[in-house]
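Same chain, two partners: chain A is paired with chain B first, then with chain C.
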Partner chain A sequence: MADTYQLSSASLDLLFAALAADGRRILAPTDRDGRSELNPVSSPAQVARDYVQTALSAKETVFPKVEQLLSYTLKPGEVDLADAVPKARPTVLFGIRPCEASAFAALDAVFNWDTRDAFFNARLEQLAVIGMGCTRRDDACFCTSVGGGPGSTKGSDILLTPMAGGYLAEVLTDKGRAIQALAPDAFQPADGAGKAALLADVPAAFDQPALTAKLPALFDSPLWAEQALRCVGCGACAFVCPTCVCFDIQEEADKAGGRRLRAWDSCGYHMFTLHASGHNPRETQGARWRQRVYHKFSYYPERYGKLGCVGCGKCTRACPVDMNLQEHLVEASQVNP
Partner chain B sequence: MSEPNIYLPYLMRIAQITQEAPGVRTFRLEFVDQAAADSFSFRTGQFGLYSSFGDGESTFCIASSPTRKGYIECTFRETGRVTAGLADKEVGDIVGFRGPYGNVFPIEDWKGKNLIFIAGGIALPPLRSVIWNCLDQRDWFKDITIVYGARSVADLVYKHELKAWQERPDVNLLCTVDPGGETPDWTGKVGFVPLIVEQADPSPENTIALVCGPPIMIKLTLPVLHKLGFTPESIYTTLENRMKCGLGKCGRCNTGSSYVCKDGPVYTLEQLNRLPAEY
Partner chain C sequence: MDLREKAKQLLESGEVKAVLGFEPGTHGTRRPAFARSAARSEKLTFDGEQNLASYVTRKEVKRLGRVALAAKPDTLRALLQLMAERQIKEQDVLPLIEDGAGQVSELAGAEAIEQHLALSPKELKPEDRALLDRLGKMTRQERWDFWQGELARCVKCYACRSSCPMCYCEHCTMDCNRPQWVPVPSHALGNLEYHMTRAMHLAGRCVECGDCGRACPVGIPVHLLTFNAEESVHAQFGQRAGASSKLDYALSTFRPDDKETFIR
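Right, the complex of A and B next:
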C-alpha cells in the first residue's frame, strides 16, 4: 500500500538537493531543440515542462547502447583475459512516464529468466525511479491497452502526479522510502483521493488478452507482410523502445588486444538471423515485423507471463514511414484467423 | 561485480588440428585452467560459442563425445570473419569457449533400440558426437546404421573415422557422394542421401532416426522416413540458428516461441511440426 503525500514545487528543490548530497546522479527529461531527452540535472528548473514522452527510452541507464563485456591482451601463444566491471553509479530517474517505469520489469525478465546478467543487475540495483503521472497524452499512447495507465505505479519507487501548486506523491517501495528519508520535510501527508481526476484520459484501443490468445493462429496470415510493406528495416523502433532487449556481441581489436562489446540490435535487420550459409530463417521484412509483434505480444507472455510492450508509443513517433503500432495491433485484433 | 560474468569464456589451447576437407578443420581443445577442466562436463548434442580473440565468437556444436574426457572438439568451415580467424590458428594457440549450452540427445532413453544416423556434408559433426557416444556404449543399442553423404569425396569429413566405422562389424556405414562427386577409386555409393536411405530400407520398428544436413537434404529425407513408417516422435534433428549469447537473451535464434539455444538445439520432428519453420 502506497503512502500518499503532497510535494510542493519548492520542496522539490529540497528533494533534488538532498539526492545530490547523497551522491546520486539525477537524470530527467530536458528540452533540446523541441524534443525531450534524458540528461543529468541538478535542479527541478532544468526539467522539461511540456513533454508527453522523451524521444529515446530510459533503458540506456541499465542497458547501455554499447558496453564492454571483457577485454584481453594478445601475445604469441597467449591470451590475457580481463573481466569487465560495469560503471554503475547511484542514479535517480526523475520524471519518466509510468509506461517507461514499468518497462524495467520486461528487461529484467529477459536478462534474468535463466542465468543472471551481472551487467544489467549492477545498474538496476543502483537505480531508483521517480515516475511522473501523465496529465496529457498524444495519439501514439496506448498504455491502457497493455495493462498500464497514465497513473500506474508499476515500476516506480515514487510516483508523482502534477497537481495545483505541486505534486501528489505516492511512496511505493523501499527505494522510495529511502529517498523520502533523505528529505522527510519535503513530503507532507495528503489524501490521494483526487488522483484520477488529474490524469489524462487514455481509453483502451484493443483487447490485448484476446489478441495474445489469437496470435498463434494468425502466424501465417498475410496481414504481417501487408503491414510491413512500407517498413524500411531501419531499426529505429527497437532503438527507442524501452523494452527491446535484443543485442549483438561484437569484437573491437587490433594485434595487441581488444575488447568484446555488447550492442543494441534489432530483429528488423536482415542480418539479425542470417546464417553463415546464406540461408535466412526470417528472410522477408514481413517475417521480421511479425517477429517484432509476436515477441512482444505472444512469446513474452508465453515465456515470462508478461508483455514485452508498455504502450509508450515511442516506436510510432520515431518511425520514418509512419508505421503505427497501435493501429497495427487494432487491425490484428479485428482480422479473423 | 557481485555476480559472475556469464559472457566470459574459458581459455582453451589447441592441442590438435585436423584438416578434414577443403576449408574444413577440426580443433581438439584442452582447457588452459586445470580446475576448469576438472569441473567441466557436457552431454551429447550440446554446443558452445567459440572465440577467435580479435575476431569474435561463433556457434558450433561440440563434435566430440562426452565419453572422451579431457578435451572437446569442434569442426568448422572457414566462412566469415571468426572462422577465418580460427583457421589462421596453429597448434598451441589459445581460443575461447563458452558452454556447454542447450539441450541434449536423450540417448539413455534409446537403450535397446536400433539407431540410424543420416547426415550430409558439414552436418556430420553434431551427429559424430552422438555416434561416438553410442559406440562407446555399444551394448546399449541394437543395430547402428550410418548414412553419410557429401558433394564429393574430398568434401567428406572425418575420413579416418569413416574408415574405422566401415571396418567395425557392429556398424553398418553407407557412405555416398553426389553423382559426379566420385573419384576413380571410390568404392562407396553414388547418389543423394535420401535415395540411399530409401535403398537401405531401414525398419522403423524400435528404431530412432537422427537426421542432420543442409535444409534440402532434410526436406527430401523426411518424406522417405515417413514412407518407411518412421513416426515424427522417432526422428531427431539439431538446429543451428544464428546465435550471439547462447543464453536465451540476445533474441535471434528463436523459432516461434522456442529458443534454439535453450529449448534446443535438439528437437524431434514431432516438436518441430508444432513450431513455425523459422530455421
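Right, the complex of A and C next:
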C-alpha cells in the first residue's frame, strides 16, 4: 500500500534542488517545436506543461540507441580486449507517464531473461522514476486495454497526480522513499481518496486476453497484409516504442583495432531476419507487421507472462502514415479466424 | 465525377486493381488509403499530405497490378521522375487529378502529366524558402553547428528514406554490409554520413515534396538538405527533377559543351 502525500507546486522546487544536491541528474519532458522530448532539467519551470507523451521513449535511459560493448587493439600476434564499462549515473526520470513507467518491466523480461545484461542493469539500478498520472489523453492512448491505466502505479517509484495547487504523491518503493527522505518537508500527509476523479477517462477499446488467445489462429489471415499496405517499412514505431528491444550488433574496426556496438533495430526493416542464403521468412511488409503485433501480443505473453505493449500510442503518433496500433488491434479482435 | 465515384468506376471495370488516396486518420489527420474494392472507396479523399508516389515502387504494391492514385503536383513530379529513371512504366499507374470544383479526371500517360505540370511551376512553401535562406546566410561554422545539433537527435529510423518517393533502391547503400560503406549505428558519424549520402543521391532527383521532413518522428527538418541540393542543381544546370519522363540528370550527364572545363 502506497503512502499518500500532497506535494505543493512550490515544494517541487525543493524536491528538484534536493535531487540535484544528492548528485542526481533529472530527466524530464521539455517542449521543442510542438513536440516534447526528454532532456536534463534543473528546475520544475523547465518541464513541459501540456504534453501527452514525449516523442521518443524513456527506454533510452537504460537502453541507449548506440552503446559500446567492448573494444580491442590489434598488434602482431596479439589481441588486447577491453570490456566497456557502462556509463551509468544516478538519474531521476521525472514526469513520464504511467504507461512508460510500466514499460521497464517489458525490457527487463528480455535483458534479464537468461543472462543478466550488465549494461541494462547498471543503468536501471541507478534509475528512479517519478511518474505523472494522466489528466488528459489523446486518440492514440489505449493503456486500459493492455492492463494499465492513467493512474497506474506500475513501474513508478513515486507517482504524482496533478491536482489543484500541486500533486497527489504516492510513494511506492524503497527508491521512492529514499527520494522522499531527501526532501521530507515537501511531502505533506494527504488522503488519496480523490485520485480517480482527477484522472483522464480511457475506456478499454478491446479485450486483450481474448485477442491474445485468438492470435495463433489468425496467423494466416489476409488481415495483416491488408493492414500493412500503407506501411512504408521504416523503424519509427520501433524506435519510439518504450518496450521494443530488438538490437543489432555492429563491429567497427580497422587494422589497428575496433569496437563492438549495440544499436537499436526494427522488425519493420526489409532486412529483418534476412538469412545469409538470401531467403527471408518474413519477405513482405505484411509478414513483418504481423511479427510486430505477434511479438507484443502473442510471443511475449507466451514466453514472459506479460505483454510487450503498454498502450502508450507513441508508435501511432510517430508513424508517417498513421499505422494506428489500437485501431488495428480492434480490427483483429473483430475478425473471425 | 468525384474521387469516390471515379474509384468505384475504375475498380468495377477492372481498369485498376487499387486506388490510392487518403482517408481520415487519428486525431483529425489524413492518411494514405488503399481501396481495392468499390466498397472500400467510400472514404477516399484527395485531402492528405503524403506523396503517394512513394508506394508505386514498393513490391507489395506492384504485385497488386495497375493502380490509380490521387495525385498532387508533387506526386505527379515524382511519377515522372520514376518514369525517367525507369522504375515504373507509364501504363502501370493512372494519376487522378482534382479540379477546384472537386471533379476528378485521369492524366493517362507521361505526356499528359508533363503538360499538366507545365501549368504550375514548382514553388517551395514560404516557410521552407525562409529556412533555406536562413541557412544560406549562415557561415559554414554556423551551418555545421546547426546540423550537428539537429542530427544529434536523429535515431536513424529511416522514416525519411522510407517516405521518399525517390528512395526506391531495393538495396540502399546504407544496408550494404560487404563492405559496410556507412556505419549502421546512430552515432555522430553514422547519422552524418547517412544524411549527407542521401542529400547527394537526391541532388537533381528530389521533387521537393518534403515528405522526408514530415515523416521525421523527432522533427528534424531533413528535407532542407535535399531541397538545398536540388535548388543548387537548378541554379547551376537549369534542371528540375520531375519535369520530364525522359532522363536528363545533371549529375550523370556528359555534354561536350559543358560549361566546366575540367569535364571536357
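Just so it is clear, the second predicted complex is superposed on the first by the 337 of 337 C-alpha atoms of A that agree within 3 Å, B and C clash if a C-alpha of one lies under 4 Å from a C-alpha of the other, contacts with A are read in each partner's own complex, and residues count from 1 in each chain.
In the analysis below, a residue touches a chain if its C-beta (ideal position, glycine included) is under 8 Å from a C-beta of that chain, and two chains touch if they have at least 3 such contacts.
Here the structure is a predicted model, which means the values were calculated and not measured.
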| item | value |
| --- | --- |
| First (chain B), second (chain C), both or neither touched by A:L14 | neither |
| Which of chain B and chain C A:A225 touches, first, second, both or neither | second |
| First (chain B), second (chain C), both or neither touched by A:C312 | neither |
| First, second, both or neither for A:A118, with chain B first and chain C second | first |
| Chain B versus chain C as contact partner of A:A186, first or second or both or neither | neither |
| Which of chain B and chain C A:A84 touches, first, second, both or neither | first |
| Which of chain B and chain C A:D248 touches, first, second, both or neither | both |
| Intersection of the chain A residues that touch chain B with those that touch chain C | 248, 250 |
| Chain A contact footprint on chain B (complex, rising order) | 1-9, 11, 51, 53-58, 77, 79-80, 83, 92-94, 96, 214-215, 240-242, 244-245, 247-257, 262, 276-279 |
| Interface residues, chain C side, partner chain A - complex | 25-27, 29, 31-34, 50, 54-55, 58-61, 153, 155-159, 161-163, 175, 183-187, 190, 211, 214-215, 217-219 |
| List of chain A residues in touch with chain B within their complex | 69-70, 72, 74, 77-79, 81, 83-86, 110-111, 113-119, 121-122, 219, 245-251, 253-255, 258, 260, 262, 265, 267, 272-277, 279, 281-282, 287, 291, 294-295, 298-299, 302-303 |
| Of all residues in chain A, those that touch chain C in their complex | 32-35, 37, 55-56, 65-66, 138-140, 225, 228-230, 232-236, 238-240, 248, 250, 252, 261, 263-264, 266, 269, 271, 284-286, 316-318, 320-322, 324, 327 |
